[in-house]
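You will see chain A twice below: alongside chain B first, and alongside chain C after that.
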Partner chain A sequence: MRSVHPAQPSADPMLLARRSPLRTFEESRFFSLTLLLPILIFFVALNVIPTLWMIGMSFYNYSLMSAAPPTFLGADNFVKIYNDSDLWSAFGRTFVFVVLAVGLETTLGVLLGFLFWGSSNMPGRRLALTLLFVPMVVTPVASGLFWRLIYEPTFGVANYLLQQISGQKIDFLTNIDWAFGAVLFVDIWMWTPFMILMTLAALGSVPKAELEAAEVDRLTAWQRLWHVIWPHGKFILMLGILLRTIDAYKTTDLVFLMTNGGPGNITELIALKLYRYAFASLNIGFSSALAVILLLIAIAFTSIYLWVLHLRRYREGV
Partner chain B sequence: MLDIRVENLRKQFGSVVAVDDLTLTFPAGTTTCLLGPSGCGKTTLMRMIAGLELPTQGEIFFGTQRVTHLSTYARKIGMVFQYPVVYRGSNVRANIELPLRAEKLSPAERTRRTEEVLDLLEMRHAADADIEDLDNGTRQKVAVARAVARQPQIILFDEPITNVDISAKLQLKRALKELVTRLNQTILYVTHDQTEAMTLADQIALMKEGRIVQYAAPRELYDRPNDVFGGWFLGNPGMNFIEGFAQANLTEIIRSPLFAQPVCLSTPSSSPLTLGIRPEHVRIFPTAQPDTVPARIASRAIVVGGQYLVTLRVGPFSLKAKVAPEIGHTLAEEVWAQLPLDRITLFGTDGHKPNIALQTTC
Partner chain C sequence: MSETISSQPFSRRSLLKGMAAFSAAAVAANALAACAPSGAPTAAPAAEGASPLQGTVGDEMRGKSLELSLAVIAGWPPSQLPIEMFPSFAAAVKEKYGYDVTVRKTEAPFAALFQRVAPTLAAKSQEFNLIVSDSQWLGALAEPGWIIKADDVYAVNPELDLEPFSSLVVNTYQVYPDGSGQRWGFPQMPDTQGLFIRKDLVEDPAEQAAFEAKYGTKLPSTYDEFAELTIQEYEPIFEFFNRPDQEFYGTAAQYSKEYDFFSCAYHPYVYATGGDIWDPATGNVVDVLNTDANAAQLEYFRSLTKYMPPGYSDFTIGSMIDLFTQGKVFSAFNWLAVGLFMISPELEGKVMAVPHPKFIFPDGEKKVIGAMGGQPWVINAFNDDDHMRVCIDFLKWWYQDDTQAEFVSKGGLPWSKKGVEAEGFEESKPYTRAFKYMLEEGRSRDFWHLPEYAELLAVQQEAYSAFASGQVNDPKRVLDYIAGRQQQILFDKGRTQTAPPAELLELTLS
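Our next item is the complex of A and B:
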């Protein structure tokens, strides 16, 4: 026999009125600040202060080569950068490198991502994914050395294969026609897995019901891509592109190890240039000014992304 | 028109049996509701019919065609999901037309069908609204319109009202009722809401733990449940049950405080019997009438629908009863109750209804 029970009052109002001091502290804003404090200290000490110091230094003439104290120059460092054609060409090379690297990594990553997504029942899929992510996990220093050995003209695997096929050898890293492409290839090899990962995450963010509805509604592949997958996946995919763009634009270690900017200055990217000014010439003032410009460019990329994202969020009422 | 037939259909997820050896035909051109509590396998059954889930065993037929291993795409069905699915970046009209474009229909035919469903669902005013600006209720209507415009022979609804705000629920329910009475398609509708099932269905398949408990027209299911579960699950609240009302192999007359006269069983039962009666069938009178027994009101509560729910004590038994509010208000604590014999259902210990009735002519 089931019977109806009237609802019981769930809590004594007097109990609710008596609050422990600990509870009051938990609810105060000091509590959240206390929890944030350790990371705030790190952030200020390792990010904010060095950045402000760098911005300040960019207005000074300060070289570690001489014992002279820093002298204030105003905007002279920036004017010097503006008039330096060598720097302009480094910026141009970096731009080409970023566009090609990110463009090809995204294209390959998206294609392979779709391939893995569509093969969820394929045997060996997990193993293939794990192997594919190896380049991303290896540090760029190791990858650079590893590829230098592969490209090596006398005993490298690449040249061995090339000789078997064409009968001649190419010293990829010192050849003017090949060096840039050889470095670009390694960057693509290293970072395509990251774009596969982002594509898989983006595809994972599409609600299952929408994909099923598209199947029930017999939509074409193009309709599914444009009306179902893209509206949900675009945020994660674009975040991936942004992260890759900023990262490719900072590429130093790879070119430093593989070609050291050569032959000539074919592979001398802007970040490598900055490294040379700061740590080879020890020209702190000038390199700070260059770093400020690089920082502004990175902020510009991020702002464009955030602006687009915000605009869309706004439209979707989030 | 196509009927849907499932034969020995079974679905197992690991060790959990979601659908257990079902054989059933959903008649062509009618609306069938799959009704049952959460986890009873109704959605799994529907997803197998849609091809979104592969059966562990058994066959599915649309008319004479075996579709068990066909893809969802090839089954050419319409389906409305619990989560209102709309295609982004377009307006209502474009959403409805999207699958029609995929089918490569002529622009004139696309417009004709779109206008038709817009009228059918009374959505003409929202036809050019951006999908992003719509609430869940209207989005679900768009999903319904999209399925209907494709004119599939079979349309499946998977709890389409569940994720809609309360305010839009009633409106959507009314639109669906209007729709299912006008469509000639074979419609399968999953719900856990009995009033929804009662309103929309030509027949209801009541499910419990992966099996169909009873498959009957709504009224039949409500009035003559053939299982304790049907009596308990349907109604608000469900049936009153009095366990052990009659012992096994009883041939003598029964003298019970529930009845003014002695009663007996039409045939003896091999197992003890449980008596079941719906709260609205228990009659209450302020004064003694023929065939009534004394009772006492233990508590009163108002239930939705304007009816008064009271708990009665009749001898050692406790019974829920529904009465009109004007009577409910004025009743004193001491009342007289009557349990009409033709409203009583007897159940065996296995929960099933044996072919045994209560009678006064012994």
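Our next item is the complex of A and C:
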């Protein structure tokens, strides 16, 4: 009995003669392109074309509130953004939010990550990890809503506990001194698990042999961290920081649900501003210009991320 | 050979081919679906010489089956009643015209419904055949030609052109541009502002005695007594019932940044100065809104928060309902359209609704000009003939006396002279008398029907919220900030010839 092995198709001249056109196509370079075609169509239709459209629209005065066709403005929308003090305030707030959120999430994530890494024999570790990751997988809309209820001054749990302890209540989401911090806290609650995950991944990337060698050489904890763990783990950790930075910079849903950018504009982040221009005012031209600027900033973040990856390849000699 | 082949029924390559074929099919299916007209309307031949704006006039709809798509405001009970009552309409047209109709409801909160509807209309889609619009959206819907002109419908259906109770109905829900007399909307439900009061407390002899002992004057306890009070005269009453130690407060009003909540609550205080929020004739906001008198009123409006529960700067319509029905406030400023929902079973017989408190106007007259609420119906101009007929049939059914009576019995409010002046209407619900009072000529007014409504509103809601929360404490600065930016918006759109002063545009809320 003879078997047909796919790895040796040219062994039999008869088989070669009977090779179907489909097989020929499969082996041609067009086959891989055909396989890519569906996703390419989606990518071009849903990503490339809208982005190009948005860039084009950013030079026009176009509002969905008007039957008037778009009129070319040149760079007027960008000039308007440059001169808009409110938008600069929103950029400033967003910067503060990103720095504080990512900074605290990273600090807490690394600390807790080390704690879990060093407690592999702790009973209930797996359950604790699972519970810790719950905030990350809950949709921001749900998180925003139930934290809004938790903070509620009349019947919220946070204020109930606060009153039991201090006899006072705080309007967390409507008080100008607390609102920003209250939203920031929820973001930290949601995304610290992500940094724990990245820390655990970073620590997992450290070769066991090197850790054992460090132990044999009686390296101090600090020496172990600096000379063994950090060189291996820093790339993954930095990747986590960059991903969180890009994500925090886009924060919209959480703020929209919790404070709607208020009180006043205390929590009005730039992505929320963009949402208002685009979907409340339906000012397509101006919002496109703002979106282009936000896109450029996001590209800057992504470039840093790619640079870090490149750095890793360079260091590893790949 | 066959043995070897059959041992690998799904090779990796076959699997990839299958996935590629499936993906290609999915793409093709999506593309075909995207090309199909929305709602797959089938253009039916119209009856000989009959305009679709007449509705169904003969047998042209007989045997047909279609779906009417209604866009309504979520969380707003009056907007839900047409959906609840729709089966009666379906039965009526089945019997009268012989067609089957079902309803598809799409709902979104006040602030989001326009965002949901506008892009579909801009795309000339008939995704929503009939829309419950907020009154201020009339300009945004009418100017691009997205909705049918109500005058055209009235021309062929004079029976729909009911006599309104007052000009407030026409000016608020129908006319755009203001003062033009051109009608675009069909009144769905009018609404006015009122104050809901705990009647059981003001009638309590112990409370009355305590009030008299403290203030040396009688505690008002009847509708007529409350209806004559100015906001300043209300203050001792709010103060008397403000008992934070018992988690019970004097009153509650809407200071939220959301949608138009703060604006509608504050505007009566502006009108009380004899002032306005803009000048419709010149399109100017600067020096109209940002006056010292309006700033003083803004300050005063905020000062009332001392009688309110914590978290007032986030209070919405829903907060009023929650606080009042949960027994946390003595009184609450709210729209009378939600009157039924302000009276929980526990509060049955214990609630009285009175008109919005009065003000002493600059001419010395004691009166009130409240903000108008309520919504009109608008008809999608891109409806095919069949859906257009069903929309008109629906409105004809909606404005029938028995339909309106059922609507009112379920908590709706009438707008026609016949409906409002119907015998027993004033006494029918605890809030209907106040509603009728506030709907009378000159007692309420609406603001902006401009297409720029959303942009103008966003500016002032953010600034008012900044003031309510204490982010900015200078009321004049808040009004200057709003005036500058609103003037810029109107100037950019060509609604005013006056550019805003540069110094106003430099102001921030930080």
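Things to note:
Throughout what follows, the second predicted complex is superposed on the first by the 284 of 318 C-alpha atoms of A that agree within 3 Å, B and C clash if a C-alpha of one lies under 4 Å from a C-alpha of the other, contacts with A are read in each partner's own complex, and residues count from 1 in each chain.
Here is the rule we go by: a contact is a pair of C-beta atoms (placed from the backbone, for glycine too) under 8 Å apart; a residue touches a chain by one contact, two chains touch by 3 or more.
All values derive from a computational prediction rather than experimental measurement.
When both complexes are overlaid on chain A, the residue A:P231 reaches chain B alone and has no touch with chain C.
Within the superposed three-chain model, A:D247 lies out of touch with both chain B and chain C [touch as defined at top]. When the two complexes are overlaid on their common chain A, residue A:E210 makes contact with chain B while staying clear of chain C. More chain A residues lie in contact with C than with the other chain of the pair chain B and chain C. Of the two partner chains, chain B is the only one that A:T220 touches; chain C does not reach it. In the superposition on chain A, the residues of chain A touched by chain B in one structure and by chain C in the other are 1-4, 6.
For chain B in complex with chain A, the touching residues are 50, 52, 71-73, 76-79, 81-83, 85, 87-90, 98-99, 101-103, 132, 143, 146-147, 150, 232, 237-238, 240-243, 299, 301, 309, 311, 317-318, 320. Taken together, the chain C residues at the contact with chain A in this complex read 1, 3-5, 11, 13, 16-17, 19-20, 23-24, 26-27, 111, 115, 118-119, 122, 140, 143-145, 247, 257-258, 309-314, 323, 328, 451-452, 454-455, 458, 462-463, 465-472, 505-506, 508-510. Against chain C, in their complex, chain A makes its touches with residues 1-6, 26, 34-35, 37-39, 41-42, 63-67, 85-86, 89, 152-154, 169, 171, 173-176, 179, 260-266, 268, 276, 279-283. On the side of chain A, the complex with chain B involves touching residues 1-4, 6, 207, 209-210, 212-220, 223, 226-228, 231, 315-317.
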